[in-house]
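Per-chain numbering from 1; labels A, B, C and D assigned in written order.
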């Protein structure tokens, strides 16, 4: 008999988690299962429009999110979002439509349904830090990540702009640090926690991305981090997949594994490599984890 | 120059309760600017809209007013700091009550007219006068005043018979 | 099909009130206890002021305990001995009135000993006081009650409130019905109602908030409100009364109960309460408010009705 | 029975052109109570007024209605004339048949009918008018000034020079305020101390000024002309009468490493100290939190070395009550500390700027202390971290100010100018250094201000970059400043040795508490509110309380001094009379009807309603009723409209008067 879940969420994975960030999806599901948090994937969910849509057609981007929120309403619980870009779009939609009656009416006409403005959209971080709570999280740990120095990377979307995501303080957040410290890791104070990695330009202007991402990696390394933790598949792409390329361009060696937050937290509650998708990471984390006695 | 004025069958009686600092001064400005508006309005000056008791509005209707205007300073401009803020709440509640009793709220107008808004004064007064003119006389309170009947009215034949026997 | 309402806890409450009153009076904690006692007719209940512990077992609580005893703390206060605290039996609705009176400096909490009654409801009418409490005979105010369990009292009998069947919200329904009418239709409704008024002022007499020593409507210099028992005067009286109670009325509905002509007076009060809740998010509660909705303001208040 | 006289004015032809004045006079003459009715060409002219006066006497008139222009125009004129004829001025009313009638209608028939009704209304009203005696309030000709910065000092000196006693209360051990902390002042670069300290000494030596430093306002009671103020004089632990100010105690104090608040905590001081050498009074104070004697009970060195025996460890806080007639609030400002989020405030911190974490990120006031010749570095610009001279310095403007998302949307007004000044001071002291300024806009309205700002760029070589900074971080011994230059559209990174933040000007902490004690209003930031933004900028809505300086909003020194002198002038206007006379349009409570629900008190914006106990001859409390203090009442009448039993009445606008008018319709 499976024990009853302590909390229930409707889960919006977003496109990345079904593609390039499969390990984020896997580790999220496994971690939440272990913690007794139910995730029900929203039936028929579709793309939030992410970064391109709102630059092209605002009504389209708002309608995409509004429709997804409407779909989410069919599932019990607040909406759990893993990807920072999806999170940002869903939150922005709610904020914009709350403020602007005209746009709300347009969107309602477009999706042919009332807009759900009150459903709570939550990033996984929020669920771990606030809904579950740091104490309960710490209590679930059976393999503390002691000795692991983590650089928590927020990127630009998790906390910005002011008054929209309301996840934490806009320019000096601490929620990631709190979560990872709760499971026993150390965090480093570093300077580029909230700088942009250039996700928007991944395909169009890789030169810019390399420059921006390099600054982030350099700063994390200089602060003495062993690895970087992210909550966004787009940041992950740049920091992890491009790391080798950047090392080549700048003739340096970072060797910084880039974990999703669910992977690191998952390790601490005793999930194995296979359940966390560690083998999907480009920068191999195995030597680091072995050295710290975590594998 | 001036078209022959239409003689109207019904000239509404409009009573305006205004504060001295803003709306009264605004009405003065309309005068000094020689603006024209219907002669139906009678202005009662108060120091502040805060002084205007809802009972006065009731009294005005009972005295045969067909329309009532209450006007004062814009929010934040009150000469007495906050009198108009208190008035705003008081009249928000009072108009809901009158509406519920069955008074047509088109007969009761509230406005903010500043000392510089002579034009707005003319507009508000003209609009209200014309609106009320189109509605016709405020019959409700007048009819009540005419009615002598009360619960003890002799309205059944038995009662009438008994009464006449006495 | 009338659904009965469980009032079996009233026996335990009666016992608890009696024991508490006995204790309070014999220990001298209060000078008197105002409560309910059996009347002369079977099942009838009347307010009573008990000053002797020996007769504390006169106190009862039944579905016929309709009166809002808060009124005895204002108008009749002078007749009640001033020395010491006054004990008073209160239902949730009565307590709201009492709390309102505290907010208006008419009562001091420290001068009162509040015996709160967990209340499942009282009768709408006491013409037949031994009627069983059912969904049909219960007072309309009890159907919409949100204060079955008084809070902040000095003593509350330890009983568990039985669950109640879902009851129809008569006031809300009637207000909605009237709101849907045209102004002329509403006017004729109220005209008919007010025409019945005989200006007996029972509504004023029973209202805890009508505590003015001289009512505005009795003044003749100037005569602000016509005082004749004619339709014009009646209408004026009821409008002024509703306006003066707006933001203060606690919803005990005593005005409506005592009206000999059955004018639905509480409808006006409920309507105003509804509007003030919508406009200023204010409603009568069990906590003392420093200011009421019409004695306070914010600079953001609605002014959509102002040109 | 009233004998009313009605006087219809033609106003040349202004009224008579559209209103048949003779017919009005005739019709009004028939109204009950009207004993005399006439019309005249110009009522406000001398002959017109004489006609009025003569009629009052000959016709034995009891009330007067003048139907003419707006009462806003000539009510005073006619009331004065009526008074001269022996009637109480408030027995005269004006009917406005010009602005409200003849000027706005063209149809003579309609206008005449309306004029008759208007006059009729006023006739009915005036019948109910009562004689109102003028209200006088005695004035205590002493002023209290709260705050001993430049604003308080200026106001104190102005009032005292006029011969009135002044009580000056300052929270800190010395007067001087923020201006004493400044190095040099824009736009003339004269040394702040040089112009400030003589004024401080003047205050100390002025026979009419009583100075309470290290003191705070505990309680304020009373009203205009008659305030009672309780001042808490905090224990100094040094007897001011005995102390000669020799300073030996300070040289011998073993506790020498206490950060000095006056030096923005960069310089150090002893436990017994004066905040700065020119302090007034020059009497040290013992900082009990850091004093060894108070902490451990052992030491007492200062007491041993004090020749006159002034050190007194037993001294207690004292409460002193002073009676004053006027209060000037000059509590000044505070600076936004960007690394902390003030508790319970809407203001969000600036964690990303590292102030308080990176030692070489300092605020503008700290730079002032570094640049000050009497400051902790003797006027050398040196980094707090390692004492090195910064060769690249970045100034960032608008820290907190104009940043809605951080909780403050106003402009702090002085930062553009003082940053320009800082770049100059820096360039004067570090010749080979380079200053950069990040700015949103340069706001330089003021005499010689723009010229000054231009000079910082053109002559002193400051590089101004239009744009904001997103982040600062320490890299080695440099601070990397990441920002954008929106004029060129590029991202900028500067490796600076030191960063100076022009933090927002905010009201003093506790400004709200003081306002509540005084009964004055304040805005959402806790800046005090003036009675009228344009026409009454130095008065509070509460009569008898005036504002000076930055407690009302960000201000520079010239503006502060002007406002302080203006406030002083207002105080002196008040003090020019022994009795305060005011229009007797005030509310009065009918105690017999009042049941003490205090709805009136809740709605009174002036705090004029008090609670009054009514007792019988044996002293038993009968009831508590409202009492309206006529000295404080503003005369709006909101209380009367709110009172359920109408037990409070506004003189001049009683229910009787208003109902009479409505009934006349």
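Quick notes on this one:
The rule is short, and it goes like this: a contact is a pair of C-beta atoms (placed from the backbone, for glycine too) under 8 Å apart; a residue touches a chain by one contact, two chains touch by 3 or more.
Owing to the predicted nature of the structure, the values given are computational and were not obtained by experimental measurement.
Comparing the CA-atom centres of all chains against that of chain B, the greatest distance is found for A. Each chain gets a centre from the mean of its Cα atoms; for chain A and chain C, those two points are 56 Å apart.
One finds 40 Å separating the Cα centroids of chain B and chain D. Rounded to whole angstrom, the centroid-to-centroid distance between chain B and chain C, based on C-alpha atoms, equals 34 Å.
Rounded to a whole number, the gap between the C-alpha centres of chain A and chain B is 62 angstrom. Chain contacts: chain C has residues 216, 224, 294-296 touching two or more partner chains. Of all residues in chain A, none touches 2 or more other chains. The set of chain D residues touching two or more other chains comprises 603, 642, 646, 655, 659.
Chains touching one another, given as pairs, are A-D, B-C, B-D, C-D. Chain B makes touch with chain D in their complex at residues 2, 5, 13, 15, 20, 24-25, 27-28, 30-32, 34-37, 39, 42-48, 50-54, 56, 59-60, 63-65, 78-83, 86-87, 90, 122. Contacts from chain C toward chain B in the complex involve residues 178-179, 183-191, 195-198, 216, 224-226, 229-232, 234-236, 239-240, 242-243, 246-247, 261, 268, 271-272, 275-276, 279-280, 293-299, 301-303, 305-307. Chain D makes touch with chain C in their complex at residues 128, 592-599, 602-603, 624, 642, 644-647, 655-656, 659-660.
Residues of chain D that touch chain A in their complex: 348-352, 405, 471, 473-475, 480. By the touch rule above, chain C contacts chain D in their complex via residues 104-106, 211-216, 219, 221-224, 244, 290-292, 294-296.
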